[in-house]
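Paired with subunit B in one complex and with subunit C in the other, subunit A is shared by the two complexes that follow.
And then the complex of A and B:
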């Protein structure tokens, strides 16, 4: 091929790469640009207060931060033991057909649209939770956390079972030849070796739990309050953004969603940095 | 270790596996059980005759047809944006990029892959405001903006799979063409890409699946509940996932709810097909490597 075409192609490839990288920068600069008036106005502290009442000029996003924190950590709390159990089953206890079947099911779960989880939860889980608490609508922190746990389980299980499988063959053979049972292998050989992988999987799952919009939006109730119990409705940062799309671009109400966006962006950056410090690059998780 | 503790660990692993499969089984069976009765041509075409609708002679008012067409058009448009940029960036990262810049690009892509999709939607929304103010009064959140935002969302998938597909090639494959006198570009276009094409395509199909299911991005960038088939790039449109979301919060009758279940099944089937296809191609690529290297 002519050197000219070679040069053009190389420039084209370079241009595409720069374009892709600049999307991230562009997203960040839009967030900063639109929330900049808040920083300049000096009333930044007012946004981190409790109250949200547009009619009184209160735009505190603390309830949303609390909602995100509580729902995401509860989901992680529910999903972690199951995730470790399932990945142990896949990589240690049942390397035969049932383990393979479980892995197939978990892989398939990553392909199920989030909106379907939410839709089914409304008609299956929410009435059930309503019966248990015997009050409210059933759209509460607990419902959202359970569903979110189911949503992040594939991330945890796939990541962890890969981490468990990465233990060198010789370690496993050594344990086997010493007569270790599968449970002993798991506790004394595999988990100590793969702890970095376990932490990374959980960090990645935390990122997903915080970043998910649909589950919380559909079944957490979206109330503007700091939830005090499992049966309280709550609103997350992500669903707050989805709910407030005001037409008046200059209103503080509208600016607050960019502050939410900035917080979510910072959190994502933190997750990526932690993953990198643990030695995991090229992360591709479903959001 | 105490034998009892060992048994409990094993028992717990099995129980968590069973609960997971049980939960997902209940979810799917409930969906099928509820929705299968509503799966018929009325669900898709409503009162309109299917042929008229398919030839776009009449508008479908009470069926899922506009939402299905909207989703198909949206996927097509986003992929048209994302494939050239994604594949070209992947090639650059795998073959041209020097070690000084690679960490930067890699970090930016990891960030883009990790950003919550609602932020990508918010980005699309602000982009439309920006364009509305500075370019043209006619630009509002619309089909065009949605497809661009969705392309941003799936770009990391395409870039990463392309890059991986090229980087992980055996050394002999990478160098044979060059040794025979092929130029760098020829080597990439005629040897490396064809050699691992199925891996690249599996990444693209996975990206298509993501486009089909995403709700958060389109919710902020112009999808509406009732719009019919979009007639221009600047028009509002309907899409299946948003229809499901809308029905879940705003259904008036049992009949509408049933349509929601029907839409769920259609969307699930579509995503399952894409997902299976992507996996088959990925496996094919893996098997090929296992035998050739």
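And then the complex of A and C:
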């Protein structure tokens, strides 16, 4: 017979778990419900076109989808090697006080508000990029991706460094005693073992890159076009939602942002599924 | 006044010389004054109560202690390499560890196949010739008396082997680099009697190829095959008053079979 307090705790935890899962399902239902008028109208294909001009009745959100995909992918592409390097430095190469200090700095980075990153980018990065390309305003895909990479870097570093630290001591001892250099230890022992944690870190970082609004809003240029180069301006789904919601709430234009939300939700779900399956196959391959 | 033994054991030809070695962990002095010589191509067993620093002393010999934060050392440890004694602290650490193999108390195969585990040190040394790797893996597994048991399942995970087999795999992995010294930290303590006997027999065989330094508990089987038994107590290394001579090869083999 379980004590009363244990029973209460069990119910409490069950309630919390159900509530957390329900909120995700509720958000999805909310998005589907509000996007429903668009589906009902039968012109859903019209939304997946290039043209966005509410005055002409064009609500194509394809440029925003492309903008989101390109900026988030590029940010992840830039941040991943730096993230692996930085977490390797913290957990493998300098485990002493310098490693601990570096980790504290990275932890501090997670607390910096996004808008600060945006300010820094506007005053430092954007003019620099403008000079490099010698055209445009400097508010472009590259600026947004670099800043977004910096924003998601702490997430990657903290997750990866935890994953590296979770490698059993016996494996590390085995590699050390066989004369492995720290780099060999990282490549042959730590990364293969910590693969699942690495994938989890990258999934979270990708989710944050896709979901971030302010960086893209402030420095991506917000142009309604599919970017063809790094110096092209672009608009992401999140900044599009923010721009529309700030000025409207009744028109078809406004209704389209729920579709944007639904697509964002699908994007992040897809990222999670792809990354998880990659991790799964890697683990299967190891056997 | 603590006893200071300049020569811990009378050895024919020493492979390792330790002189005035001290080991501090944080503010505690774990090894107070270690002096001694370890004989070449012989089995030297270090015994002593739990927590006295036996494993630490073993980790000094391949400088594995350097991965322990907040520790420092004083004194000199020399190893005979190519006919002359070299301070191990002046050798590149990767070079030292390839010459001084180590086997741990709990077998620690890596989460990969049996073949890859044994070939792992060659990978670290950038040996790429597949024929050489295959030959060396076979040789090492034979050295560790494991070849017959695993030759048909080299691609199976090493983690599927029994405890005793895993320990012999770890010995094979250490032996593939043909080390001059093999350090073994209570290699039989986590094994059942049958597996422990196999390891013990293996150590007698390995003595022909390299110098063995074994850390062991008092009642362990390895004491019976040791050429020298040293006691670590209160931070000092003592020569045992009654030197344990190695039994005759035949008698010993009968004994453990």
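A few comments on the model shown:
Operating definition for what follows: the second predicted complex is superposed on the first by the 232 of 287 C-alpha atoms of A that agree within 3 Å, B and C clash if a C-alpha of one lies under 4 Å from a C-alpha of the other, contacts with A are read in each partner's own complex, and residues count from 1 in each chain.
In this section, a residue touches a chain if its C-beta (ideal position, glycine included) is under 8 Å from a C-beta of that chain, and two chains touch if they have at least 3 such contacts.
Computed from a predicted model, the values in this text were never measured in an experiment.
Within the superposed three-chain model, A:96 lies in touch with subunit C and out of touch with subunit B [touch as defined at top]. When the two complexes are superposed, the chain touching more residues of subunit A, out of subunit B and subunit C, is B. Contact with subunit B, but none with subunit C, is seen for A:153 once the two complexes are overlaid on the shared chain. In the superposition on chain A, contact is made by A:177 with subunit C only, not with subunit B. When the two complexes are overlaid on their common chain A, residue A:193 makes contact with subunit C while staying clear of subunit B.
In the superposition on chain A, A:231 contacts neither subunit B nor subunit C. Judged by the document's definition of touching, subunit A residues 181, 184, 188, 286-287 lie at the interface with subunit B and also at the interface with subunit C. Against subunit C, in their complex, subunit A makes its touches with residues 95-96, 170-181, 184, 188-189, 192-193, 286-287. Within the complex formed with subunit A, the subunit B residues making contact are 1, 5-7, 9-10, 12-17, 19-21, 23-24, 26-27, 30-31, 34, 84-86, 88-89, 91-93, 95-97, 104-123, 125-127, 129-130, 152-153, 155-157, 159-160, 164, 183-186, 209-210, 212-213, 215-216, 219-220, 241, 244-245, 247-249, 260-261, 264, 267-268, 271-272, 274-275, 279. Against subunit A, in their complex, subunit C makes its touches with residues 62, 64, 67, 69, 93-98, 101-102, 104, 106, 108-112, 120-121, 123-125, 157, 170, 173-174, 177. In the complex of the two chains, the subunit A residues touching subunit B come out as 1, 5-6, 9-10, 12-17, 19-21, 23-27, 30-31, 34, 81-86, 88-90, 92-94, 98, 102, 105-120, 122-124, 150, 153, 157, 181-184, 186-188, 207, 210-214, 218, 238, 241-242, 245, 249, 257-258, 261, 264-265, 268-269, 271-272, 275-276, 281-287.
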